[in-house]
Structure formats: C-alpha cells, structure tokens
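Let me give you the structure first, and then I'll get to my questions.
Each chain gets a letter, A, B, C and D, in the order it is written, and its residues are counted from 1.
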Amino acid sequence: MKSIYENEMKLEFISKSNNEAFARISVAAFAAQLDPTVEEISDIKTSVSEAVTNSIIHGYEDTEGIVKIICKIIGNSIIIEISDTGKGIENIEEAKKPLYTSKPNLERSGMGFTIMESFMDEMKIESILGIGTKVTMKKLIKKEEITDEDISKVLSQIGQKESNEN
Amino acid sequence: MKSIYENEMKLEFISKSNNEAFARISVAAFAAQLDPTVEEISDIKTSVSEAVTNSIIHGYEDTEGIVKIICKIIGNSIIIEISDTGKGIENIEEAKKPLYTSKPNLERSGMGFTIMESFMDEMKIESILGIGTKVTMKKLIKKEEITDEDISKVLSQIGQKESNEN
Amino acid sequence: MNVNYEQKNKLLLLEITEEIDHHTSEKIRRRADNEITRYMPRKVIFDFSNVTFMDSAGIGVVLGRYKMIKMLGGTLELKNVSLNLKKIFEMSGITKICPTTIKQAI
Amino acid sequence: MNVNYEQKNKLLLLEITEEIDHHTSEKIRRRADNEITRYMPRKVIFDFSNVTFMDSAGIGVVLGRYKMIKMLGGTLELKNVSLNLKKIFEMSGITKICPTTIKQAI
C-alpha cells in the first residue's frame, strides 16, 4: 500500500530540560498520521528523547542554545532530524559504542545512541567540533490501511499513562 | 507565586488539514509546563485548532503554504502566535463578528474568532491583504505551585480520550 | 462512527468516535448524511461520549444535520456531551434548538 | 514518588509516578537516595506501574541506586515493568542483575 501522506514540520526550542517531554510528544503527534502501533510510537518517543537530551546536556552543556527538529513523512516512513549548534562530537565511532559516556558523573549510561540505533530503522550522526551535531533517524511504519479513527486512537494514546491515577 | 519558567518554541508545518491535531497537541504539550487544568488545556487546544484551521482554509485556500506557531512562556502566561502568509483579511472587524464566515458553503460557522476570544484571555488579529495573517493569543494559567508530578499528569491527559473504548 | 437504527421508533443513533475538527468533519458529515437519507428516521441522536476534542467544525456538522433532519420532518438530540463541548454548543446557540444531555463523570 | 516502608521485613517500596527522562531523573534520584539512607532497608523495590515513559535516564537511576543499595548490603528489585521499559532494561543488562517482573495487562 502506498501512503497518501507527504508531510513536513520543523520545531525549534530552547535547550531546557523541561522541553524534553514536549519535544517527544510533538514528534509522536506528527508521526500519528502514519497510524503507528503503541510500540512504534514508544520507540519514536524514546529515540527523540535520547537525541534531544544529548543536545541539551552534551551539545550545549550548561549554556543556552536552540535545539531543532525536522520531521518528514515519505511514504510510510518518518524521517527525524535533530540538531544543535553546540560543541560537537570528537570521535563519533567511540560515542556510538554501548556504555560510552563522557558524563558518567551525571549517571549517564552511554546507551543513548545504542537505543536510537536499535529502536529506529536507520540512524546517522554528523558532527563537527565547535559547530554542532545532527542526528538523522528513520522509521518505517508497517501498516496496511489507515483510517481517521485509527489516527484518533493513536493521538489519544500519546502522552497517556497506561494506567489511570485519576 | 512567580513561575520559574521562561521558555520559547517555534513550530512550522505544511498547511495540510491532517496537521491540525498535531499542532494543537504540540502547543498543549508545551503549555503543560505551567501545569494547566484539564479545562485550560482544552481551551488552548480548541483556540489553536481554530487559528490553524483558519490559516489552512481561509489563508491558503486550496494552495500549499507554511503555518507558523511561536509560543512563549512568560511568568504564568502562555503567548501563542499563529501566522500564515496567505491571502489576508480585508475587514478584521467584520471577520471577528460571531457567525460571520466567508465560507458558509463549507459549513463554517463563523464562530472561530469568537471562540478564541472567549477561551483565551487576550486575542489580537493582524492582517494585510495579500501578505498574510497573524493571530496572537494569551492565556494566564492560574496556578499556585507546580511539581513535576503535576506536569506528568497533565502530559498524560494531552490527546487522551476522556473515556476508554477498550 | 458507530451507527444503530431502531426500526420500531424510527430512531437513528450516531455515535461519533473521532476528534471533531475541520480535517475529520468532512467524513463525519458525509457518513451522517448517508445514514440519514438511508433510514429517513423520525429522530436522530448524536452520541458524543467518545469525542475528546471538538472545535467550531462541530458546530457546522451539527447545524448542517439539524437543518436537513428538520426538512425531513425529524428531530435531533445531542447526548453525552462533555463540559468542554457544551461550552462550544452553548456559544453557538445549538443547545437552544437541540435537546442536549451532559456526559456523566465516570 | 510514593514511599512505603515495612519495618518488619526492612522492605522499602518506591513507586515512581512520573515519566522518567533526564529532566525528571535528578529529582527521582535525590528522593530515592534520601529514603534509602533514611531507612537502610534490606530490600528495595522500584514499582514502575505508573511509569508510562522512560528513556536511558532510567538506566542511570536504577544502576546508581543498585550500586548504593549493594554497598549497604541490600538488594534491589524492579516490579510492574511495562514491555517498553523492559526493552530498555534488557539492553543495559539491568535485568541480569536485578530481579524484574512484568506488568500485567489490565
């Protein structure tokens, strides 16, 4: 089935940690038009959260900068580009290794890139020291048919607790 | 109480009607840091939906353009600016009148601006024929104290159905 | 949309299961019109219990169906309207022409 | 976070009620450390039933507490972990060092 959607959005926000939740919810709401499963939405939210957090704590460290997200829908895929103009990564191969972190003192686990790579279908890192970092991720949503009701259901799950507290 | 938050985000997307839900959810997720009530969130979502829809159907009519949203948190208020570079409004006073619509054939009710004015604390329309339209809205969130748990609860309600279907 | 028709009372129940905005309203309207012209009911009830969002597009949907149903000699009622939706129906005067009942808190 | 301490079994139950990301983790960590050093429990259980989102910040929170509790001679268990969270705990090897139970579907 060929998707009828071709769509694009751009999001920019200040590198404050309280924007992490807002950023992943926005991308998830945009992705909803592809009618992803609950698990696919969760994978996207987690990967976006990893990349946005990295821009905030590694890219900009304690300074204030702009995090930029570009999302594109092409066919049944969503492409998500998350970039900062922060300090950049010296050694990308090392950075991608599971458990490698430059901030163990912040209890970072070094699993961010590993999670993005495993939760998304493709991941690419581009970075120049002193200029900034861009992470591009792609996920194919494997769906047969999409209805507005399906999409309403997905939208209703975004940011929703799995069990109600009232 | 003085809010500790000062924050800003910018969102741009193609004038497609399937972006209406995504746009209002994103703004609601950004507003969540002020810990609004369920009713305040609903008022914001409805007002954003009105302005975004207007840009899509009145501003750009059947052509494709970019809708831009800028949100700022200042103290306990959220300021939302929604703009297009579409055809513009000839007579703003007339456009604001309840029940006035230039598209009765689309079953538009002419209540969009009236709803924005009544659901938000302030609303301002700027428009130049042939250049575009910008709607600026402000809402004061009347809260005493904000905790991360409160905010998690609000985030969980965004885009959530009020009753479960399963 | 879930559709239920009671032959005995000529009652058509239309339960809306989507968020109602400009994007979804076209489909809701078309589906409702099809069912109404198919059954020619004496009474139509829109059930909003599963509608978690509605903007002014909902006013157009309800008013348009109201006019059509009235022309065909029937009546329209709105059921299980949440408080957020009620605010919008009240502003537009719909609650004055269609009997409206509020959704009970769960 | 909801905290419950059973004196008899020296069991500290910490129920996390927030989404776990970098933003929220600092507070969760601080609160957990306070409760652990206050009660010196023999066993700590993290209950995740109300956690609807977690990214790798959750790994840091759990591993950091694991090391601390172990040093104090106690054990750590993870309870009511959803399938999405389990994927992340498994990738980091946490499920190999902490007994982990899955959340039942409701």
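By definition in this document, a residue touches a chain if its C-beta (ideal position, glycine included) is under 8 Å from a C-beta of that chain, and two chains touch if they have at least 3 such contacts.
Computed from a predicted structure; not experimentally measured.
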| item | value |
| --- | --- |
| Chain labels contacting chain B and also chain D | A |
| Pair exhibiting more inter-chain C-beta contacts, A-C or A-D | A-D |
| Recurring contact interface, reference B-C, options A-D, B-D or A-C [over half identical by residue number] | A-D |
| Between chain C and chain A, distance of the C-alpha-averaged centres to the nearest whole Å | 39 |
| For chain A paired with chain D, centre-to-centre distance based on mean C-alpha positions, whole Å | 25 |
| Where chain C and chain D are represented by their mean Cα positions, the distance between them in whole Å | 48 |
| Chain C residues counted as touching two or more neighbouring chains | 17, 19, 23, 52 |
| Set of chain A residues in contact with two or more other chains | 18, 21, 155-156, 160-161, 165 |
| Category of the chain touch graph - line, ring, star, complete, other | other |
| All pairs of touching chains, each written as two labels joined by a dash | A-B, A-C, A-D, B-C, B-D |
| Chain A residues touching chain D - in the complex, by the definition given at the top | 17-18, 20-21, 24, 39, 42, 45-46, 49-50, 53, 56-57, 98, 106-109, 111-112, 114-115, 118-119, 160-163, 165 |
| Of all residues in chain B, those that touch chain A in their complex | 5, 7-14, 16, 18-19, 21-22, 25-26, 29-30, 32-33, 151, 153, 155-161, 165 |
| Partner chain B, residues of chain D touching it in the complex | 17-19, 23-24, 27, 52 |
| Residues of chain B touching chain D in the complex | 148-149, 152, 155-156 |
| Footprint of chain A on chain D - complex, ascending | 17, 19, 21-23, 25, 29, 49-50, 52-57, 59-61, 63-64, 82-84, 87-88, 91-92, 103, 106 |
